[in-house]
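Each of the next two complexes has subunit A plus one more chain, namely subunit B in the first and subunit C in the second.
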Partner chain A sequence: MPGSSKKMAQARLPLVAFFGALSLFFATLEYLFPTPPWFRLGLANLPILLALDFFTFPELLLLLLLKVIGQGIVNGTLASQAFLLSSSGSLASFVVMYMAFRLIPRGWISLIGLSLAGSMASNTVQVGLSMVLIFGPASGIIAPWFLGLGTLSGLGIGWGAETLKRHSRWLRRVKLGQSS
Partner chain B sequence: MKPFDIVFLLLSLVLTAGSAWAALAPTNAPLRLEVQTDGGLYTYPLDTDQEIKAVGPLGTTLVHVEGRAVHVEVSPCANKVCLAMGTIRQGGQWLACLPNHVFVRISGGSAEASIDAGVF
Partner chain C sequence: MAKARNSKHPDRLDALLHPTPRFLWGLALLGVLVLAPRWETRAAVMLFGGVLATLAGKRISFSYFLLLAGTVVVFHALAPFGKVLIMLGNFPLTEGALLGGWKNGLTMAGLVFVSLGTISRQLHLPGRFGKLWALTFSWYEQLMESKSRVHPGAILLSIDRILEQHYPTRPGSSPVWTQEQRSPHEPTKASGWALVILSTLAAVTLAVALR
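Our next item is the complex of A and B:
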């Protein structure tokens, strides 16, 4: 029944907005951690990881858009080349995480693997773009740092998301559709 | 950890190691200083003392070369991370001023050169 499914989608819209706001909050929280200026932990990815489980594809795309724009505003990079890098990284990470989530059977991968895959995709695309489009081939020297730190942060964020998924009663309620 | 968590972890580690090998692998070429700006990639000998002006969107980043050691002397950027990065001397080391689009890197150098003379 298209009518009722449209109604359901509308009812879930505030939840997508809430997860978008969570992404923005995590993007701000990143300032607490001392990292090199060219590296981001990717905490804002946490709400997307959690949302993979219960949002539809269009809802996830909307969440990604909110995350990318929100992050640009929080970091003050919305109108700069850094925004091109980070938004391309976010898109690549989302595509890889979504595909892995859909294609790999549930018992074979946890949010840790999804987070690692997303981090790897995001950092590879960002290093590639910075070498080809922005800073030139010499910037490839930064790749091992980018990918190495990305592996650590991907592991940490995946572990955090997996722990939340297992223990959060709020998330369980959201999943069952009792909260909006 | 589930099977594909381990697969992606191993893949990440291989990618990191591969990029480290590609970026830092010692070669037998003599040490050169590479300065990348929006205007292109410029190469300088490391054994000539000089001041190199790297022009970027914010202005001129002054790179100082003296006694085969390189550091950023003056930078028009706000956070001055490039100045705080200190001095580089060996192949594979680099300095960067991202806001001004300036990358400075020492390329070349043999494997022996990267090992301290005091190591037995």
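Our next item is the complex of A and C:
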């Protein structure tokens, strides 16, 4: 990597850390909304959705790592099956969202579509893992409910991200700062 | 499931144990929990984990975990395996399925309890990633202090203001990313080491004796 671009990448690391903090912050705000105990809305994914337009692939992976490990430490679930389910779901969601973001031409898919794709990937992986690791194959009967709720929350988070992207002055200025 | 500690529920283990040995202790207990062949050992470690989580200031709901463990048992029972205990109409309730579900449920609750009790927010991660994590955590704490300023009626505007405050982007301003240096954590006390060694030995002994 040439010296100048390496310096730029170094300068962007604090912004990656800030987006990581934002993910943890949104994860905490999630408790403001009433949900069944076994279901998470996934608000922590909102900053990841917004970050797709800001960072390179390695930076996004770093952000994902900060999010999942951070949630594990802050919630104290780092060494539990909850962490395994959450990190696997986050990784699946990220891979699908990133591929859709890169492969589908701009303007053809909004953040709502990306979020929907990500939440379906995340929930499918989590249902599959919980069937294998926790509840057994018979738990497949609750999969449609889980996936249905996941689809609704994916739509909601996508809508929130799209609204923030369009109206947030802070995001616009960060974007301008990135491109200048 | 469990709520984070607050000033009313201080982390009592923090005074005894440095976060790193505390984390390693948790891993040792989790090893026993996962590898123990008998459910009795897993139940003991799970209960001990519950005590640790409570001492760590986490308010855990045992009824929630009983319900969750019950759900695991029910789902396992739907896939018959082993000796038939009773016939419920045409459906055989089997010993293997019930025991498998019970062990899985205990393990699941134990993993969460031990994890909640032994993972401290002060846990230091090594290397450059550790530095970046420290910066992230510092910003997270600053954002959390602003949580009360999130207004549901004007959620976007209030979040935008909070973001601008902590990561200024207006012309002439720049974000500050020299996180406050955390004061080093006190080393593990003798009583802390005694707790770690005795409890790990007890768990291993129980697992070996009951195998």
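Heads up, the rule we're going with is that the second predicted complex is superposed on the first by the 174 of 180 C-alpha atoms of A that agree within 3 Å, B and C clash if a C-alpha of one lies under 4 Å from a C-alpha of the other, contacts with A are read in each partner's own complex, and residues count from 1 in each chain.
By our rule, contacts are C-beta pairs under 8 Å (C-beta built on N, C-alpha and C of every residue); 3 or more make two chains touch, one makes a residue touch a chain.
Small disclaimer: the values here were computed from a predicted structure and weren't measured.
> Following superposition onto subunit A, is the placement of subunit B relative to subunit C best described as a clash or a fit?
Aligned on subunit A, subunit C clashes with subunit B.
> Looking at A:Phe54 after the superposition, I want to know if it touches subunit B, subunit C, both of them or none. Which is it: first, second, both, neither?
After superposition on chain A, A:Phe54 lies in contact with neither partner.
> Which chain, subunit B or subunit C, ends up touching more residues of subunit A in the combined arrangement?
Partner with more touched residues of subunit A: C.
> Which partner does A:Thr124 reach: the first (subunit B), the second (subunit C), both, or neither?
A:Thr124: touches subunit B, not subunit C.
> With the two complexes superposed on chain A, say which partner A:Phe39 touches: subunit B (first), subunit C (second), both, or neither.
The answer is neither, since A:Phe39 touches no partner chain.
> Between subunit B (first) and subunit C (second), which, if any, makes contact with A:Ser139: first, second, both or neither?
In the superposed model, A:Ser139 contacts both subunit B and subunit C.
> So which subunit C segment collides with subunit B once the two are superposed: 4-12, 22-30, 94-102 or 202-210?
In the superposition, subunit B collides with subunit C along 94-102.
> Can you give me the overlap between the subunit B contact set and the subunit C contact set on subunit A?
Common interface on subunit A, subunit B vs subunit C: 37-38, 134-139.
> For the complex, which residues does subunit A have touching subunit B?
Result: residues 36-38, 100, 104, 107-110, 112-114, 116-117, 119-120, 124, 127, 134-144, 147-148, 150-151, 154-155, 158 of subunit A touch subunit B.
> In the complex formed with subunit C, which residues of subunit A make contact?
On the subunit A side, the touching residues are 13-18, 20-22, 24-25, 28-29, 32, 37-38, 62, 65-66, 69-70, 72-83, 134-139, 163-164, 167-170, 173-174, 177.
> Would you mind writing out the residues of subunit C in touch with subunit A in their complex?
Residues 1-2, 4, 23, 26-27, 30, 53, 56, 58, 64, 68, 71-72, 75-76, 78-79, 100-101, 104, 108, 111-112, 114-119, 121, 123, 125, 129, 132-133, 135-140, 142-144, 147, 150, 152, 156, 159-160, 163-164, 166-167, 169-170, 175, 177.
> Can you list the residues on subunit B that touch subunit A in the complex?
1-9, 11-13, 15-17, 19-20, 22-24, 34, 36, 40-41, 79, 81, 92, 94, 96, 98, 101, 103, 105
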